[in-house]
Amino acid sequence: MSLNGDDFIKRIDGLNNEVWVDGKRITGKISAHPAFSGVLAMKAKLYDYQVEHCEEFTFFSERTNSRVNFSYQQPKTIEDLKKRSIATQKLAKLNAGLLGRSPDYINTGIMSLGVAEEIFKEENQHYHINIRQIYEDAMENDLTFTHTFINPQVNRSDNYFEESDKVIAAKVIRETSEGIIISGARLLATQGGITDEILVLPAGGNYFEDPYNYAFSIPSNTPGLKFICRESFVSNESIYDAPLSSKFEEMDSIVVFDNVLVPWERVFLYKNFKISLRMFSETKFNTFLLYQAVSRMIVKTEFLLGIAESIVETISIKEYQHVKDKITEIISALEIIKALQLSAMTHAKVDSRNTMVPDDYPLNVAICYYPKIYPRLVEILQLLGGSGLILLPTKKQFDSSIGSYLDDYLQGTNSNAVDRVQLFRLAWDLCMSSFGSRQTHFERFFFGDPIRISMGLYDGYPKEKYINMVKDYLS
Amino acid sequence: MSLNGDDFIKRIDGLNNEVWVDGKRITGKISAHPAFSGVLAMKAKLYDYQVEHCEEFTFFSERTNSRVNFSYQQPKTIEDLKKRSIATQKLAKLNAGLLGRSPDYINTGIMSLGVAEEIFKEENQHYHINIRQIYEDAMENDLTFTHTFINPQVNRSDNYFEESDKVIAAKVIRETSEGIIISGARLLATQGGITDEILVLPAGGNYFEDPYNYAFSIPSNTPGLKFICRESFVSNESIYDAPLSSKFEEMDSIVVFDNVLVPWERVFLYKNFKISLRMFSETKFNTFLLYQAVSRMIVKTEFLLGIAESIVETISIKEYQHVKDKITEIISALEIIKALQLSAMTHAKVDSRNTMVPDDYPLNVAICYYPKIYPRLVEILQLLGGSGLILLPTKKQFDSSIGSYLDDYLQGTNSNAVDRVQLFRLAWDLCMSSFGSRQTHFERFFFGDPIRISMGLYDGYPKEKYINMVKDYLS
Amino acid sequence: MSLNGDDFIKRIDGLNNEVWVDGKRITGKISAHPAFSGVLAMKAKLYDYQVEHCEEFTFFSERTNSRVNFSYQQPKTIEDLKKRSIATQKLAKLNAGLLGRSPDYINTGIMSLGVAEEIFKEENQHYHINIRQIYEDAMENDLTFTHTFINPQVNRSDNYFEESDKVIAAKVIRETSEGIIISGARLLATQGGITDEILVLPAGGNYFEDPYNYAFSIPSNTPGLKFICRESFVSNESIYDAPLSSKFEEMDSIVVFDNVLVPWERVFLYKNFKISLRMFSETKFNTFLLYQAVSRMIVKTEFLLGIAESIVETISIKEYQHVKDKITEIISALEIIKALQLSAMTHAKVDSRNTMVPDDYPLNVAICYYPKIYPRLVEILQLLGGSGLILLPTKKQFDSSIGSYLDDYLQGTNSNAVDRVQLFRLAWDLCMSSFGSRQTHFERFFFGDPIRISMGLYDGYPKEKYINMVKDYLS
Amino acid sequence: MSLNGDDFIKRIDGLNNEVWVDGKRITGKISAHPAFSGVLAMKAKLYDYQVEHCEEFTFFSERTNSRVNFSYQQPKTIEDLKKRSIATQKLAKLNAGLLGRSPDYINTGIMSLGVAEEIFKEENQHYHINIRQIYEDAMENDLTFTHTFINPQVNRSDNYFEESDKVIAAKVIRETSEGIIISGARLLATQGGITDEILVLPAGGNYFEDPYNYAFSIPSNTPGLKFICRESFVSNESIYDAPLSSKFEEMDSIVVFDNVLVPWERVFLYKNFKISLRMFSETKFNTFLLYQAVSRMIVKTEFLLGIAESIVETISIKEYQHVKDKITEIISALEIIKALQLSAMTHAKVDSRNTMVPDDYPLNVAICYYPKIYPRLVEILQLLGGSGLILLPTKKQFDSSIGSYLDDYLQGTNSNAVDRVQLFRLAWDLCMSSFGSRQTHFERFFFGDPIRISMGLYDGYPKEKYINMVKDYLS
């Protein structure tokens, strides 16, 4: 496998996906569009990096008879899990853990579905072959995916059921000999329009009926498929002024299906609500996604700790008790999230498919914990930075005739003004810019509604032994 | 007094203040510059409004023998305090409480200094006349002010003293027969460059020496005075897309003094560290500023409650316990801040200058409380809005050929898509845009470092009677 | 009215109520029993105090043609409300606000029911006469009451309905010409067995059927009525060792009705579920109870502030930022609760019965706020006291031959050992003894399940005007 | 080694230590005294248990040529650390993790000092021999220890230095040929008076001078040594009524040294402030104590989870979102503390003494985390239990003639009244009794002042690599 960054960019540019930004459809190379150039350059860098470090980031696959990306590997030993996590972290370090949809994230999900193919066999003898083929194609071509599993947020009441004559949530409106025809929308495809394919999975909620129960993957340029983007959060194309958003703005989009034909051979679930319900846990899809995510969060937390401590040094506030106490909160979060990842790995068990599966509980605790602690870490940055996070002149101010004033008046302890402002702009872009706020929001809702995650952990956790511990004590 | 919005705009445009944005000095009308047009239009609206509601917003001043703005009135009765607070709130309603530096804020401060003129007499027989004149000029012409009392954040250590041969914090570098010559910088003049004058007050911290101890007010266009702005947070000039920043972005600036001559008749404090220390509390400057601020915060909280409840209705989430509980948090904050304002007013006392001064303690509690609760209120908006706060297409997307998809897929319960997105954009601009994050930061640090405020409240609070209550109990 | 403490004690002793403590029925004078002697002496002190300060604590009632206790007065002006609150606070100061069921608490409730007698007329022409009589008797004799409105906690599920053939929650099992016969239990009668009467009100929850819908008041010694107490929390009869529990342990009891005949003339509600639902809000029963409670909470918070600051002085920890910050939290709670009380009083309105009714919203906010903040205030005491709250020798240790060691080793800064330990024992008894923990629990659940209170506040609060504020802004 | 529970009790009883409770010196068997009988029986059970499970709880020591308690073993492999932690947890399960000073706690400390003997050599050629001998004696006889390292809390100001002519903090007042003579006090010897020996270590703080710098271990019955106890928190000797305090009340005491002769051969540090400062970290004393403590905390948290979930089932509140959310908080705490322990073990490293030392950072994070989360877990129990935690009749009430009422009225869903009350009494004794409050306080301050621990973690943590991560990113 020798796809490098340039190859990847060419492939994506070549798709001519239908992507709409601020009222206009993108024509020409998407990699040259200001809303996407940064993130595509970042993704290209990931490809280049794995070409350069082939041993670490690929494995030999017997299925494809070639070396393929690490994220597609079925882990069979704890050592495999460890290597996987190290690779995720090394890639994450290239983007400070800010690329929430690093390609290995959904790749990992594709792997878990592909390995668990037999689950999809129940309803239809072809579905498991289809998911296997999707998996093998992905591996062979080192594809990237966006995915979507939320329906439009029209009404979140528990009693809301979409009327059957309406088309809002994407659904099958017709079947043909070639495939199923989908119309309607799905939400929040991050990086929608800049990946090779889109993986569409059951959306949950009150959508029990057949037309809503399906899963497939199709190329992003399938006719009728449209990605309608939110406003871009690249606040400034200057790396100095927007040190994060200029590189990592992933974009989110509404996915519109306008009579999209999904060929039968790309469908691996249809009309089977029971499998919809079971598939996320039984394929270990969630477990593996979380394993990737937690590894990435470690890197992000390290970066945040680095920024916080750099601020402390730059404006000399180490002497204050409450400052140390705040940094200790970050340190604690880092050690806790690392420990939970270690626990998940150490207590992994082999399942019936010969997959080494990380322990679910520490990962679920991590995904209850991080959405709560991350906003606090961001708040700590804000509290440490204080007024320094407001008065941030742009590079052009420094470069203008009044720049010398700034050189004098914005210097830090042991730091010149340009460097000091650069550091504070970095903090600002992580915790206060539109991009940064979206990052916080993204972590807060990373795996969905926090209350549902919390209830899910409660429901699944083995509580009997602790009840028995109390019973034994009392008797 | 009949200054209306147009008059005000003309006056500001006419000043030709030296204001730098993104590497360029503004030439031409500042009211036409995209970074300032919104906020200046807003301020003009405030002037127009008080022309229209003259009875409520002005009083007859014997000093000037004319009707002048309510904020300049020396309150002598609780009724005066009540009218003042109602006027502040009515103006605040025009900007949802988001204009932190509404003109009445610093006007109020000027009043408190002017009324307490005798404090400045101690050192020099002219200083009290100067502040009186500044006060009367301000009243007569209904001037607006920016102000500054922070030095550059080079080093925040308690042990840091600026070396005497350096010019960083603005200081007197020379005296002449005409006045004092100032060089150096001051931070964080909000609305710097779009007000008539700049009020400069002692900065506190480790700046005990004479050259750092001064107070004055000078026109914003005084030669050598430069306002260097941060990046503008007007994310979009469309009112639909940026419903708040397009109107209320106040801008913050570094104030550079490059050999600025401050005429003696504008100086009302100099070389007297003792007065620097006492003036904020003895003139009731802080108390009156807080009284204005708390009145404004009430309006802001009401607006935030309105947004939160509108989201609840729009996506039908009223049935969830935790949703109600979160709205109740906002209600509680609103009632608490209102009650503290009432308490400050009800327990006001007349001082030796015949001024009715609000009770300081409830105001100080408010300013400990609001910086902590406001970020939580903002977080509640984020938690209620969920994914709805991410996928926010611009107006141009709605107006383009794919707009009809959005009409279908982004509708809310009982709300069409355009209205629903407008509401969510409003919430986003309050809690997640660069503008919104700056608002949160502004409230968090409204009156300075929260820990110092908390310690100040402790130090000033009458604790003896409670210690005695315990002593009595035990004996 | 000239009932003094002795009269009161004699009256209670004379009732010979059926009270069970630790497996034994109390025989002899209940005022001499160690579980009750402290609290009864405290209540006697309240009677004595109002005899001594008759003007302040009584008013002339035309109904009884005599001076009666202030808590029975129907307030008609804001001045009346103010006097009422001052009287409550003066009494509360005698017990540091720790007597949650100070007689004026339920007296106030009786007043609100008596004044609103017409509500009970709807079903039966006699009921309003009965409640009027109960009110006038109470007034005339300055009676004290316990009350109960919780059913046993067998099953708190929303789907739980008690089976009709079971007798668990107290219910009417028979009617006779003389009255209704009640069997079953009610929970948590604080001071049950040491008051003149017991007021029994509808219990809420899933108890819709007739036998559960009743309200009455009967003497505590009515045959068949039994008070089964929890363990006493008087840890020690020494005032030094148990400075709070030795005086203010109010005791809680299960009230058992074993075929208790309630005469018709004591019944004021029966078989009318609709009135059960409406009565608490329509009679302003809840509003007036809260008004009393909030007044008491102010005193309790002042006492807590006094203890905290005394600890700070005794062990010299004023220099620590975090210590000041913690005391400021207490100060803030005090000012907030005072401000909410002021707001309720200031915004009071006269209702159709000519009663001046405090504003409900600030009171409801207070009762959302205090149950959350009080445990934090208690925690602050724990954090300030540190190890000093553990090593607390008893008075007997001081008085023994090793006492001189303690005199040397347990002294504080500016405080001898006996005084220092006394102060810390006081803090311990407020925040760590069984008595203190029960106090915390009591405040936490003072007005019921915090989540239900929070939802109730949401439901009742006028939110439309804030929604309209947003609508106006957007249009 | 075959010391069983009876042997241990006989040995302790035989010491006739000078222990004062409530003004009286204990005479006769201390194991029969109500304040100590429970905890001594518990400790006896630990001895019996290790006799019964000899393989697991002992190892063969070449130093003593016998099997000795696991806690004295120098760990040399990660496997050793794992066994050690499992043994600690198995013992902890016998007391639900509530015995904070389980013998293996200080034994572990003795081991770490003994193994690191060379540190004490610097000053004096005998000191390292002394600590080695103390270690070997302890091992050979399976001794138990109390320890103390806090001086009296007279004045906690940073500027406080004890005057040299006063004797408050225990200090060397004289040297003789036989040893050093100590007078003064030390605080908070938990289990003081019911262990074989007392280990006395440097107390920290502003005690730099020679007389305060010493370390030794002496028998608890050394003449002049007195243990002055606080009030006992055994609220009731009935196991039903006081299910925890009747068994695990460990007692805390002031240790008075009245001219106590400490023989030279028991001294291992003297007059060397530098070693005082270094010894806790260099011997890994703190690290090993924390490793034990964290293992115990896991068990305690499991027990707490068991109680919480038992309450949920008993009163049927599983259907409420917020209830599940609260249990999830406990689950999260459990998984986090387990993960940190795993991390400390997994990342252990061999030091220069061939000891396998757990990683310090996760342990330090644990000891920042647990003191904050434990009070919240306790609060969750309170919130879940609600009014059920107040109305808890004693066993005697159940056994009396009114018991049958309780049987009817206090039953739970699927639980009879006696069992239901027993469960709630258990919860109450953990979270609300004087004993329970002391447990909370104990965990909160387990390793000292939380702020100092937090600052220590900050100071010691390797932050450079994260600063460099940011530098690399920006360049």
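A, B, C and D label the chains in the order they appear, each numbered from 1.
Throughout what follows, a residue touches a chain if its C-beta (ideal position, glycine included) is under 8 Å from a C-beta of that chain, and two chains touch if they have at least 3 such contacts.
By chain, UniProt protein names: A, B, C, D = 4-hydroxyphenylacetate 3-monooxygenase, oxygenase component.
These figures come from a predicted structure and were not determined experimentally.
At the far end from subunit A, in terms of centres built from Cα atoms, lies C. Annotation: 39 Å between the Cα-based centres of subunit C and subunit D.
A straight line joining the Cα centres of subunit A and subunit D is 44 Å long. In whole angstrom, the spacing between the mean C-alpha positions of subunit B and subunit D is 53.
Listed for subunit D are residues 321-322, 451, each touching two or more other chains. With chains as nodes and touching pairs as edges, the resulting graph is complete, every pair of chains being joined.
If you check the complex, the residues on subunit A that touch subunit D are 93, 96, 243, 302-303, 305-307, 309-310, 313, 321, 324-325, 327-328, 331-332, 335-336, 338-340, 342-343, 346, 361-362, 365, 368-369, 419, 422-423, 426, 451, 454-455, 457-459, 461, 463, 466-471, 473-474. By the touch criterion stated above, subunit D contacts subunit B in their complex at residues 320-322. For subunit B in complex with subunit A, the touching residues are 20, 22-25, 150, 152-160, 167-168, 184-185, 187-188, 226, 228-231, 235-236, 241, 252-254, 256, 258, 315-317, 319, 322, 375, 379, 382-383, 386-394, 396-397, 399-400, 402, 405-406, 408-413, 431-434, 436-438, 440-442, 444-445, 449, 451.
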